[in-house]
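Below you'll find a set of structures to go through.
Next come two complexes, and both contain chain A; in the first it sits with chain B, in the second with chain C.
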Partner chain A sequence: MKKKMNLSPIFFVGPHIILFIVFILLPSLYGIYASFTQWNLVGDPVWVGLDNYKTILFDQDSTFHYQFINGMKNTFIFVGISVPLMIIIPLLIAVALEHKGVKMKSFFQSIIYVPGLISISAAALIWSLIFNKQLGVVNNLFGSDTVWSATQPFAWIVIFVITIWAGVGGNMIIYRASINGVPKDLYESAQIDGAGPIRQFFSITLPSIRFPLIYTLVMTTAGAFNVFAQPLMMTAGGPRQGTTVLMMYIRDLAFSSGESIAGIASAMAVLLGVVILIISALQYYLMNRNAS
Partner chain B sequence: MKKIMMILFVSLIAIGLAGCSSDENVIEFWTPLTGDDGAYMNELVDEYNEQSEQELEIKHVITSDMYTKLYTVMNSGSGIPDLTLIHADRVPSFAKQDLLEPMTSIMEAQSELNEDNYLSEAWTAGIVDGTQYTIPLDIHGSAMYYNKDLLAKYGVEHFLDDDIVTYDEMLSLEGKLDEGDYVVNDALMGWVILAQIQNLGGDIQIDGEPAVNTPEMKQAIEQTKAIADAGLMTPYGEDGYLMFQSGNVLFSTDGTWSSTGHAQVESLNFGVTNIYSFEPDTFHNRASSHLFSMMNNEERTDEKEAVIGDFLEYIRENSIKWAEAGQIVASKEVNESPEYEKYMQSFFTKNEAEEDSLHIYTYEHYPYVAEAIDTYIADLVHGEMDIDEGLKEMQKVVDDKVAEGSLDIENAETDAEE
Partner chain C sequence: MKMTKKISISKYLSYLFLIVVSAIWVIPLIFGLATSFRSQTEVVTAGFRLLPINWVVENYVTIFSDTSSAPILRWIGNSLFIAISHTILVVIVISITAYGYSRMKFKGRDVMFFTLLAISFFPSVVNLIPSYKIIDMLGWVNTPWAMIVPGLAGMGNIFLVRQFMKNIPRELDESARVDGASDFQIYSRIILPAIKPILIVCGLFSFVGSWNDFLWPVIVYTDVEKMPVTAGLLLLQDIYGNYRMIGQLMGSAILAIIPTMLLFVFAQKYFVQSLDLNSGIKG
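For the complex of A and B:
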């Protein structure tokens, strides 16, 4: 009997596949191709082989080398500090909300989650007023005299505050949902065995939510590497390019008012992608190995 | 059932794709005008469409990242808008890349669209190698607002007698201001420096090569830094624009369009004058311009070009509405009309000297130079970075970008072949 091909699955995954190919796969491939060319976005790209990568990575005199190193350094600072906070704080909140004594859990959950729904640009405007030296709540309340966005380390602190404010909600929801899925009898038997709350957290909660933890860690890290709006809106990359992250340089090179330098920008983007890929794979491997 | 789904799916895609193709009965007019500016332009376009007897209508499309989209459509060759509003600093590089269609046929059809009827600086910003690529809508640029109440409080209204506030006049207030008051803010500082370069007789290019690390640039930055060092400039990183609006700053160096924003602050009693200068007899205000242009497109019909010409002529006669957005309207018919005088920016067209003070940089690599200045200027003026070191870095950044960004494609291909 002739086997009839079942087309239904294609209709379910089809739209996603098409969107993925059109908006992610093809642009990515073209971006990788562009990184080997010199291109102004209008004319035809001119193949230059590995020249862009050589310039970015090894030509110490080049502006693009400086931009890449400085942008990468600042991006790593952002990732290194924000990712642990974006994992630990939501986890603590999620666990705290599980306590029997906490009333109006959904209310608190909503309050923490809502900032993530606000556009980051609108939020940045509000926060820049909060941190404004003259008009801001922070300086008036604490009587401080700091120009937040123009002095280190305060410029970074402002960026972290808005990032965490906007970002903890999403991870917290995931942790809450997964903690709810942990069987209650595990906790009960642990209690009977005399385990305290801290012991329960490390021995039951954490291992039980291993996969959500890996997932949030990988996604938060990848997201953090792509940071752009917060430093752009809050500090404009200053002081002295101290908070200019790599994405800001990439965007400036490719899409600012001068003729586009898309080849170098693409090469920087590819290198950033490679770093994200390596670190995500490493995280996944380490967490999986330790957990099993 | 499957067949029905398949048909539905295909037709959905077909509808989606059909939406991409351009409409032959509409003139697509792209602008980067977001916010209030876009609303004023909408009104102008609507008014034109209402009175027009042409069959084709102008459709105003606001695209916030218009230039990126322009590059995309020019690269793909489809969906190219019929008319665009671009900034003056884009013209040289667009013309060099052969992206613009000359306005020759439009000007032939509409005899009033000529140099005599527009502000000369705006008109010439559209000329590259003797070809007219654009018709101007406005000039918008640096302007210095003053707080009338504060000038009176410190008894320095005479600063404005000759319409020029000098560095020396500002420095004379050292030690005389109440705590929390400042003489000038650091808003749009890059533009102020670009004006000073003109005041000092310098330029941002020498024989076509970018010139950032120049004696004029250094002098301009040092002199401006002297104001900051004397404690007369709003401090580093603070919102000087907001401080002017809250009544703590005598002078604010921002843009012509800010007059509408300042006017909304009830307690602010303000006026407008030129950007400060070294000497009372030499002054400039760095400016830019919104220019109507046509991107190269073989599919643009003669009929469409005729309507575009008609529209530009209508704008020339009726763009008083554009003055409400705080812009210096380029059309002389408008900016010489009595009605225009009530707008604050008419200050910049009140006489020939003022018109001459408006300076638009038309150097091909101006955008790279301006970007470098904007990146470094606050750090340099506020003493966060050594000026010589900063100038060297700025020059290097611009040189590297020019070398990388202005690739002569034909040569590169030859090199590769060799």
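For the complex of A and C:
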């Protein structure tokens, strides 16, 4: 008896599997391979073993070492400051929106959500005008003549402002839905026990929404490590490479107009990827353990 | 008595906070919009003003007529073609693939699905440089395909659609199958109409994501005529040296914002509806 082979699943999942192999699996594996090679993107990569990693991590005289350390440091500064703000600010907004006395909820929500739909380059052009030395709202309002994008710590502040402006909408919507889902009788019995709004927030709201909090924390952090557009558009990485993040160095090394240094850039990308994986795993583990 | 007072204090604090935040959020957009209606001479002679002395459309006239240095309309056209094609293909690919992983029976189906899902969590920064090489080998550098196709490989939307399909009763397909319907007929006549809400949500976010993508187009487009508007606007950043051009610069930014704004106005409930899907993860 010949068993009839059913080929139709191949027509349904097959096309996507090809796409997945070509645009995710192969490039990921090749990215790891390329980090052990000397490669200019045009010719064949030449195997150099751990040389790229040694140079990046330990060679004090190398520009690549300086770029990696500086880029990683600036990326960590960005993540360390922006992620808490991207959790706390949308959480506060969501709590205010879910207050039962507040009306026009969807009006406020729309205004705060909409910047997230604007491309970062259009947003950056507008915010550059807000912080412009002569024509900007900020300097003219406060009578200052700061060159925001070229002076520290203002260069960082500019980057954080546009990041938060564009980035809180998604988390706000998740928190709103979660807070809305907390059973109302929990609050009622807390009120009878005499707990004020702040007590209620910390002992009822926060524990009840811990899973959305873990989820948004992990996703926001992983996203923040890939920061690129805001410093490129707002400060061009300045002053004196003070806001140049690792993604900017990776792109410059691999794709700038001169000879491509894709091997070194791939090694930096792998190191950044490893950091993202470790931190995501750590966050997930710690938050899950504390929550239970 | 004491209770109501407490509630009203926290109510006013909530209002105060929301009004301050909303004001900070909306002022840049209003300022940018207003500046795009100031004449070149007014910006140079009058300097900073929140609103124009005279509202003029000369910046927009210049943007539409003089396309030699910055072909804004061309860029917006490129972006529209890319984002619309990408969105249509995303909806087709994710619905067909999710049907395969949730409705069809084949060996190793779930192992395969979760393996692909796990691999897709691998940080994308690692595949950036080889992805460029692959696009280059396909001859897609400086073509729309560089932005339309690679995003179709993602697993996130397929996961969401697969979850959604689980809630559609299997009796529907079974009875259709008894009536002699093929898998493709079940997919197109029963499943597709039932998963429309999730497909609309995935489609909208794919459009917005494609329209606003920045790092990738900055890498794969060097030809000014071929690039989407996000990469194009990066080239305009230098204009800040020239105050005459500020109005035009704001006009260009405003034009680049309009398509996704329109989408939000007409499909607002779907953008906000995604909260039901997102909160589903708290499971």
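The rule is short, and it goes like this: the second predicted complex is superposed on the first by the 270 of 292 C-alpha atoms of A that agree within 3 Å, B and C clash if a C-alpha of one lies under 4 Å from a C-alpha of the other, contacts with A are read in each partner's own complex, and residues count from 1 in each chain.
Just so we're on the same page, a residue touches a chain if its C-beta (ideal position, glycine included) is under 8 Å from a C-beta of that chain, and two chains touch if they have at least 3 such contacts.
These numbers were taken from a predicted model, which means no experiment stands behind them.
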item: Three-chain arrangement built on chain A, chain B and chain C clash or fit; value: clash
item: Per-residue touch tally on chain A - higher for chain B or for chain C; value: C
item: Partner chain in contact with A:F255 - chain B first, chain C second, else both or neither; value: both
item: Touching partner for A:T151 - first (chain B), second (chain C), both, neither; value: first
item: Which of chain B and chain C A:L41 touches, first, second, both or neither; value: both
item: Chain B versus chain C as contact partner of A:I88, first or second or both or neither; value: neither
item: Touched partner set for A:L286, first chain B, second chain C, both or neither; value: neither
item: Partner chain(s) touched by A:N132 [first = chain B, second = chain C, both, neither]; value: both
item: Partner chain in contact with A:M233 - chain B first, chain C second, else both or neither; value: second
item: Contacts of A:Q241 with chain B and chain C, given as first, second, both or neither; value: first
item: Clashing chain B stretch [against chain C; choices 57-65, 93-101 or 399-407]; value: 57-65
item: Residues of chain A at both interfaces, chain B in one complex, chain C in the other; value: 8, 41, 132, 134-135, 255
item: Residues on chain A engaged by chain C in the complex (per definition of touch); value: 6, 8-9, 12-13, 15-17, 19-20, 22-28, 30-32, 34, 41, 92-93, 95-97, 99-102, 106, 108-115, 117-130, 132, 134-137, 140, 165, 173-174, 176-178, 181, 191, 196-197, 209, 211-212, 215, 222, 225-226, 228-229, 232-233, 247, 250-251, 254-255, 262, 265-266, 269-270, 272-273, 276-277
item: Interfacial residue positions of chain A with respect to chain B in the complex; value: 7-8, 11, 14, 38, 40-44, 46-48, 62-64, 132-135, 147-151, 237-241, 252-253, 255-261, 263-264
item: Footprint of chain A on chain B - complex, ascending; value: 2, 5, 9, 65, 67-68, 71-72, 74-75, 87, 89-90, 93, 97, 99, 235-239, 242-243, 246, 365, 367-368, 370-371, 375, 378-379, 384-385, 396-397, 400-401, 404-407, 409, 412-413, 416
item: Touch list for chain C against partner chain A, complex; value: 3, 6-8, 10-11, 13-15, 17-18, 21-22, 24-29, 31-32, 35, 43, 47-48, 50, 93, 96-97, 99-101, 104-106, 109, 112, 116, 119-120, 122-134, 136, 149-150, 152-155, 158, 182-184, 187, 208, 211-212, 214-215, 218-219, 229-231, 233-234, 236-237, 240, 243, 246, 249-250, 252-254, 256-257, 260-261, 263-264, 268, 271-272, 274-276, 278-279, 281-283
